[in-house]
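Note that chain A is present in both complexes that follow, paired respectively with chain B and with chain C.
Here is the complex of A and B:
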């Protein structure tokens, strides 16, 4: 995104975060009115998933993957930083939660806390290296880190189970003070679904809070023009690093939940899983946090439907992805919120 | 010691193949300003074309001529159809688009050829061993690969430095707006450079076949290493890619001998070190 227009330099100086955001908005980013409504949309989506998806572990998986994708969109959509290695924090969170449950305690609180917080710390280290250079460098470096993590997980047999994955993760329990819930995805999927939904909703709300905070707004301003944001006196690398940490922590949390759901952590090729979550983001739309969530639900629906008919379902996923990037770069949700109302207005105006 | 030396030769061979991929990535990034994520998948397509041609003709000689041309045409067609609409849009979009292409190519090949992989027979002419005084003879085919890569690299360098077209390409990498203002039909050069990059990846695909065989995921594995090479050598640096490619090839190969557990990790450690202490890469411009 090299700013080639000489006009950029001559523009009136942008003096504060709000002005920087006006700039970001003017250059075509998230529509403002859907900010907090996204939580309501998410509740509706969760209810729809609960009542329409026949396979309970698929329904729970949709919530978990949705959260993972929404977290990634902080980087991709809001920060303009395309991470090709977002499988790493997800997988790490799974291993961390799985190992805690297996070896230390069966408390879900502890497992998820460890997965989230330790991933946040790890993200600070990884982010410090990946953000030395942005744009394409960032993409390649995140991918390389994911590959590095994959090799470590593969070779460190004693801890991770290597190629066979981490099996025998025990069923976790959730202490709530007045009662203790057993989180068994197989025997009692409804409880698992509701607990996941609450965790996902709260995290989702926190993500929206971040995007609306001054720092979140500076992040969007950096995406539009890093030079200008730096000129305003913001420490742009720090803002990007904090975002990287948040996205990593959210992915760690999602990974921990996924390990608890399956009682197993599998070793998958890095690029497959990192690609899947990226596809969810692009499919749903980069301009909001709800978009990627919708993208995750749709992707998993598509996968479970297509894989029933053909082994080459990924071919169609790739084709849909390419069509999305070519024709609807704003994604499905972007299409629904911007293009469709625009078309409606036009037809109404024609009358 | 014998082992170390023959491992060194293997490292140079795999490094040389990495160099071909990294140079294509570098050139495309320089002029088209995006990272071609489908580079590995196109390399894989080239290797598969080779496997079929070799099966039909009994040798890879014809493939060595035909496959790069075919890949150049495929590259030009891709650039003209799906990549061209990405110019003027966010850099990220082209990256994502080629990422989607990767899925299509891998699954397409898997659908046509199956996921099992295929063997490619090396040329009979080179089915002998050469004693280089390393204590253990080296298959002549491996030496042929190194020589072939050196010729391609040298040819590419001469093309960029000594021809008028190469001059315009280099100028376009510096400032394509100025080049356009001078009346050069820049779009054609973009197509050309993309085609050349893919053709070079095709050469790598032809040469790899007889060594490792071909399989649908072969491109995904090597693409990451090619990325590491580009980053370590310095983005846009021609000789940086050559040096880093050979360095990483040898490093992985030697680590395999002494501590095979770490062989997969070594390139990434090197990359992290380079990014920490010299973010512009070994030979990258500031």
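Here is the complex of A and C:
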């Protein structure tokens, strides 16, 4: 799986951009913009997940992975910066939250705050290095950092638990002023789901706001032509760095939530997910933030369904991914929002 | 309208064995429409790149509005009020025409924040509409930039530069590849823009520039061959020779 993703991810931007141009040419207008509506769509998706996914920890995982993938798409889709190492901030967030819960306090606020903020700071350092290069060299640097992180996690036994990981992360508590909730994913999954949903929704809305902000718009302009953005006077490196920090912080938050859900942090699966989260992004489509969220939900659904029937489910997930990229490089959400309306218009026009 | 907005002294640059720009000095007064002409490969674009910081000069110095900007990064030069349009069209291909120009207008407004929606900044959208109107792209505002015709993309390139509200506008062959009628309307546009902004413009077609320029610099094989008013340039024997025979 992880072997498949880099190749797929590397090819996809080219075909995707080409497809977008072809499509834009054909329709002669910008693809439909669903900017603010995406928040509403996410509420709907969360409700659907809550009522249709029988396994509660899978449902919660969908929210967490969805947020993580949406954050990554800031870099990939909006910034044109394909990170091959987005497992790093997720895993780091997991360890950070896990260590706080185990050693300092069981407050979810503190654990998530530490995971998010310290990952933001770390992202500033990593981003400053990775963004010295562009395109595939940027991707390679992010991959290198993720590898580095993996080996630190493996070797630094005293802190990370090495191969065994951090087991026995205690159940966290969430102080809300008027009451204190216990976030126990096993005993009270509904509370955990609802709390996660609120955190995820608020973060997602903030990300949408960012993409529509002046800086978010500049990010997209840089993807189109960094030279021209510089010519307008923008500090393009800074805009990209801010984006890198936001994507890192969001991944740190997601990793922290995942640690709280599983009461465990370890090499598996955290460090193995750089490729998976990229697949989620590309499967769902890179032209929106909702797309990758949908991609994450579908991926996890596919994985859990297939793994019930066969041990070699990874093979089938990979095959389905390849077929999807070949058939609709703009992703599922891209397919639904641009190609389908376009086809409808054409058939209506033909009649 | 007094004083120099741009002053280049002894700019010099070689690429390997090619001496692209040889000891060229240039003075552009406020409000001028200064043209640079010369045959292919005579170093016009390289001279622009030396001014904008795209290429570091081997020797020489550039002053913009009284400040030394030699070798300063392009983005910084741009923030000081120097904008450039490109010989090879450079726009944001998959963004709409409106967004292409809006991004540039936003840069001038210094509203590079992230807590409010970009489209809600009225001054920026107003400025964008204004520029589109002036350049004549209002009808195409919602089109994707890469779908525009070549001529319209050239004009969009110019619109982006203009929207940054520059004090000096560098235009690198704005009429390149345009039809005669498109060329004529672009020349007229440049003349109009010059009422508000100082322009330094590279042009290949000599007839185009003679009618509108306030001063002309002729480059040949990287060297300044001649400089003067349009009618002087036209009648100068060396310039005629270069233009008639293609090279000396």
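Throughout what follows, the second predicted complex is superposed on the first by the 314 of 351 C-alpha atoms of A that agree within 3 Å, B and C clash if a C-alpha of one lies under 4 Å from a C-alpha of the other, contacts with A are read in each partner's own complex, and residues count from 1 in each chain.
Throughout what follows, contacts are C-beta pairs under 8 Å (C-beta built on N, C-alpha and C of every residue); 3 or more make two chains touch, one makes a residue touch a chain.
Here the structure is a predicted model, which is why all the values come from computation and not from measurement.
Using the contact criterion defined above for the overlaid structures, shared-chain residue A:217 touches chain C, although it does not reach chain B.
After overlaying the two complexes on the shared chain, residue contacts for A:236 are found with chain C alone; chain B is out of touch. More residues of chain A lie in contact with B than with the other chain of the pair chain B and chain C. In the superposed pair of complexes, A:227 makes contact with chain C only, with no contact to chain B. Shared-chain residue A:148: touches chain B; no touch with chain C. Of the two partner chains, chain C is the only one that A:209 touches; chain B does not reach it.
Those residues of chain A whose C-beta lies close enough to touch chain B in the complex are 1-2, 4, 76, 80, 82, 84, 129, 132-133, 135-137, 139-141, 143-145, 147-148, 151-152, 154-155, 269, 271, 275, 278-279, 282, 311-312, 314-315, 317-319, 321-322, 324-326, 329. Interface of chain B with chain A (complex): residues 29, 33-35, 82, 85, 89-93, 95-97, 99-104, 106-108, 110-111, 177, 217, 220, 224, 227-228, 230-231, 235, 261-262, 264-265, 267-269, 271-272, 275-276, 279. Across the complex, chain A is touched by residues 73-76, 78-79, 83-84, 90-96, 99, 102-104, 106-108, 111-119, 121, 142-144, 146-147, 160-161, 164 of chain C. By the touch criterion given at the top, residues 17, 20-21, 24-25, 28-30, 209-210, 212-218, 220-221, 224-225, 227-236, 242 of chain A touch chain C in their complex.
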